[in-house]
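Next, two complexes with chain A in common: one pairs it with chain B, the other with chain C.
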Partner chain A sequence: MDWGTIINNTLAGLLTPTTIAFALAALGLAMHFGFAGLLNFGIAGFMAIGAYGYAISVLTFGFPWWGGMIVGIIGSILFAILLGVPTLRLRGDYLAIVTIAAAEIVRLLFLTTAFTDVTGSADGLFGYNNSGGFTSANPFPPGSYGWGPWTYNSETLWVLTFGLGVLAVCVWFLWALMRSPWGRVIKGIREDEEAIRALGKNVFAYKLQALIIGGIFGGMGGIIYAAFANVSPGVYVTSITFFIWTSLLLGGAATIWGPVIGAVIFWTLQAFLSNILPELALAGILPVSGTQAATLRFVLVGIGLMLLVIYRPQGIFGDKRELTFVK
Partner chain B sequence: MNFLSVGNPKRFLKLVVVVFTALIIGLGLLVSPAQADSVGEDFDHAVLGNVKIKGEPIGGVRIVVEGPSYTAEVRTSDDGSWLVGVPTKDTYTVTLDQETLPAGIAVLEGGATQDVDLGLSDRVVKNFFIGQGERNEVSFFDQFVARLIYGINFGLMLGLASVGLSLVFGTTGLSNFAHGEMVTFGAVAALILGTVLQVPIWVAIPAAVILSAGFGWSLDAGLWKPLRKKGLGIVQLMIISIGLSLTLRYVIQFFIGGGTEQLPGFDSPKINFFGSVALSINDLYSMGISIVAILGFALWLLKTNTGKATRAISDNPDLAAASGIDVDKVVRLVWIVSAALAGLSGVLWAYFRPGIKWDMGTQILLLIFAAVTLGGLGTAFGALIGALVVGILVETSSLFIPSDLKYVGALVVLIGVLLFRPQGLMGRKQRVG
Partner chain C sequence: MSNSDSPQKSTGLHIGEAGPGCKKTDPMLIIDHVKKSFGGLTAVDVEHLEIPKNAITALIGPNGAGKTTLFNLLTGFDTPDTGEWEFLGTSLSGVPSYKVAQMGQVRTFQLTKALSLLTVLDNMKLGAKNQVGESIFRALFPRSWRKQDAEIEIKAIELLKRFKLDTKQADFAASLSGGQRKLLEMARALMTDPVLVMLDEPMAGVNPALTQSLLGHVLDLKKEGMTVLFVEHDMHMVRHIADWVVVMAEGKVVAEGPPETVMNEQAVIDAYLGAHQDTDLGVVTGRISIIDQEKDK
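Presenting the complex of A and B:
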């Protein structure tokens, strides 16, 4: 057993562009579910639209990188409106089914061979970071930065800095929103929709605004992920939505830092398990093959999600009184 | 100006004449030989290929290359090779004329017309994957009938899974995201019995259904009943069912791996019915079994005491409990019936796809939800009708839209139903809340 490599890879999982991307998506879900009480099971669709919006507008329409990212965000806003206007009047579990179906429609549309010229079909898209100028906007000169497990080349460092900046702005924005009067109305809707309606508030408009803001966060998550890796339709499957839900519930749904810390814990644990389980199998401690060991960590995610919801639905940092709306 | 309207008979006649003339000229062109196996060799770029089946070259196959400003056609030489020089680096469409292939041979993948892109290199090789197969030359009506029958088969199969999901929702309020894994479970149980333990398949399938029923019993006894007692809300239960779905899915992958496995006798012979509709013996069995199972289920739900109790709980759980119905006992039975039907539909679906894969249940989970919602959440017979509509829609829609988008149609219907008639076809408005 090579403990050095395992610990190194695990610690590296603390800060990666993937972790930041999923923290952003979890933050979006916190807005949707934790604060507004909306059961969105389509966060993968928001991420896909952000990522593809960025990549397609750069590759097909020749936008600069920042223009492409803005297109990605506008795409997520439109998706939120498209999804929200008809469905926000429905009961919670209906919204869940509609959002999961909509996210699958989005993924299938990006996957189909009918639009290969634009979407790249199953191969996905790549090269947009170079042609859009995101890579050349890198302020860091080439070289190696950081120390120990956190050693990055200048390109990764640029994505990390950019991603952390976006995440910081989003966290601050959510924090500011939630202590504003707007945030109190949103929490009120979560607790008792009828009471807020009786106060003369337009509940539907508030919910739609919450859906849009959370959707922007989700789209940003997709964009950060795309800024680091290729855009591939195989990423935006429903499992990813469920992983983000697990991260969110782990940290605490109705908290500001919960989703961020939850995502960090989730991806660090994933890095740890994906390193240690095959090693254990190789060393003969676990009587399974290497591929079986790799599968095992997703089994653990599922079990973890169930235990979490049964025994600690408020998550690590949450307050149980904040989750009485989950009925 | 709508010059295609049939309103003016004279104009219409003229159009018909023009079309026919064009067709005749077109056919004449087809007959006239274009025997060269390579054209345009003077150009800098070329598209080329080989037409072979199992290493045997096929000569005289007509290939047409079309580009933005250039069109050429060749016939393959005796060694199967062909080459078309092209003037510019562009995307060209290459068409293999299937009429010129020997009888019973067709392009199997990607269709007879495919794109090649000369973006990166000067010469691009384009080979078609050909083999023995049905050529796509049946009339639209025949295709439609064939798709309709496949759709009914698929719909009945979906129906088996959907009525169970609907009953569980009706009696417990749970939208069970792990229902897809209950479908996979049945197929995997049949696989293990049929191929690993070498049990004859006609024993393995009923045994798999019984195992599925036991699986449903253990899920309720080990998980859902304790959670109901704990008083968890339906949202929490729903998220737990997602965790359960992930767990089961990857446990199944743990045991059977990521590949596709086949049940014994999956490639049964096909029988031709009226014209072009070819159904395999498995398809016929599958439809028969589905119909018998659904009829049995309907009899149980309508005629027996437990069936009536189930419907009573779906209607109003508190009233049912107050009337002396043992809700827990009925819910337990509902889980058993639901899991057994899901397991059976998994076995049938494994023959329909064909193949067993660890995520096969997840693939149709949303279609099952679509069927249940279309019929009306919580209504068993509505779910059945919804499943038939979804099945037929999925299969026939591939006549109009790319086949890799065929599930999209069903999902759009799902969303549409929730928008315009959230109670579904058979549901009542009060459930929408």
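Presenting the complex of A and C:
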């Protein structure tokens, strides 16, 4: 077995545009679920809207890259309002059902051939980073940067820098909100919204605000992902939502850094498994074929998620007392 | 302690003869034709009811009489099929619950709602009204809310001292006992500076030692100029602190009057004995002894 390659690829997974994109999405879920108690199972939908909003406004409407990204964010805000207004007055489970369905609807709308001219259908969209000017906004001259597993060309370095900047702003934003009296109301709503209503707070408005803030983070995640890869409807599937949930629960739902570090651990682990499992199959240690071994990692993710929820529901960084699923 | 002597009762609350729906000299809440059904069951059907200002009114009645449902309707947590009611001259029909609370009509719940995974102090601070930092935009600028937050904290700690919870302020509310949670919920309600405090079974599940101080707190509310409406099953307790008693049975107000007389009315005895043979919950909870001891002093 080529341990060198395996270790190298695993370490590279620590810092990639994908890791940053999913850290952002997990941060959005932390706002939704960890702090406000909103069960959003449609975070992939927010990412899709961010990504498509950016790509479509550049490709179809000729927006500059930053304008396209703003459109992506506005799209996520509208999506949050669309989901929240009819459901946030109802019991929490309704939001879960509506979000999971809405995310699928969004994906299928992008996938259908009815709007191929705009959405690219199954092929997705590409070239917008060039035509929107994101690529040429790169301040780093061409070349090779970094060291060892973390060696990047200037394009990747630009996306990483941009993504880390966005992530830093979002982390600060969430931290600033959650230490404020606004954050106190949000956590109170998570605990018991009727009690908060009885104290004179407009619970619906707060829940909608939380849904929008988390939705923006999710949309930003989609945008960062799109700034690196192409936009493809195959990415924004329900399993991505569950990967993000796993990252969140891994790090700790009701924490600021938990979702970020959870995402890093999750994608590093993914990189490790996708490298080692086929090798193990090849070496005859695993009684499966190479392709089967590659999908085996998703089975392991599922088992990991179950073990996590059972044995450490507060995540790695969470306070045991602060988040347990069973109340 | 304020409750070691017999409390000062308010009198002259009503106009004319005391009875279901009688007028009050100075009403705080006026309820008309409020009706609520769940399926075929009429949970509340109140023709007319006035709650006197600056007095302690007890709402009693057997289980299922509709007391909690009436609370829910009056505070906007549920909407009636018909009827209107006004609070200090303002109609409250259709007003959402959070606005009702903002107007100074605050309630607690029969099943205590402590915000378990928030600290006791944060529970309290949530009660304060008009907080600048609760607006999402200003929340980002601590300079706009720090000072107010510090003031709120001082007020919260003072109240916690009064309720003997100050040593617990850094603990999660989840770690409190059932009785302490009741106290916390009541203290938190007081953080809103209410004019009308509605307590749904504040003494249920509270151990006798705490009951004593809870009674004291309820009496203190009146001294501070607040109006109290509370649901309670224990007749001894009601007799001890209530200025006025409203009796409900099967959704209707069947009797009203000062505690000394209303408890002996046939309608009340029927309401209770019809539903329960063991009216005297005081015996079960052992609270009688406390009040008897007090009387002996």
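Structure notes:
Criterion: the second predicted complex is superposed on the first by the 323 of 327 C-alpha atoms of A that agree within 3 Å, B and C clash if a C-alpha of one lies under 4 Å from a C-alpha of the other, contacts with A are read in each partner's own complex, and residues count from 1 in each chain.
Simple rule for what comes next: a contact is a pair of C-beta atoms (placed from the backbone, for glycine too) under 8 Å apart; a residue touches a chain by one contact, two chains touch by 3 or more.
Everything quoted here is computed from the prediction, not taken from an experiment.
With the two structures aligned on chain A, chain B fits next to chain C without clashing. In the superposed model, A:198 lies in contact with chain C only, and not with chain B. Contact with chain C, but none with chain B, is seen for A:180 once the two complexes are overlaid on the shared chain.
Note on chain A: of its two partners chain C and chain B, the one contacting more of its residues is B.
When the two complexes are overlaid on their common chain A, residue A:309 makes contact with chain B while staying clear of chain C.
Contact with chain C, but none with chain B, is seen for A:209 once the two complexes are overlaid on the shared chain.
The least CA distance from chain B to chain C in the superposed model is 9 Å.
Residues 327 of chain A contact both chain B in one complex and chain C in the other. On the side of chain A, the complex with chain B involves touching residues 39, 86-87, 90-94, 96-98, 100-102, 104-105, 108-109, 111-114, 238-239, 242, 245-246, 249, 288, 291-292, 295-296, 298-299, 301-306, 308-310, 313, 326-327. Chain contact summary for the complex, chain C toward chain A: residues 75, 77, 96-99, 101-102, 106-109, 113-118, 122-123, 125-127, 129, 131-136, 139-140, 142, 145, 149, 172, 174, 185, 188-189, 191-192. Chain A makes touch with chain C in their complex at residues 173, 176-177, 179-185, 187-188, 190-192, 194-203, 209, 213, 321-323, 327. Interface of chain B with chain A (complex): residues 175, 227, 230, 232-236, 238-240, 242-251, 253-254, 257-258, 362, 366, 369-370, 373, 401-402, 404-405, 407-408, 411-412, 414-415, 418-419, 422, 432-433.
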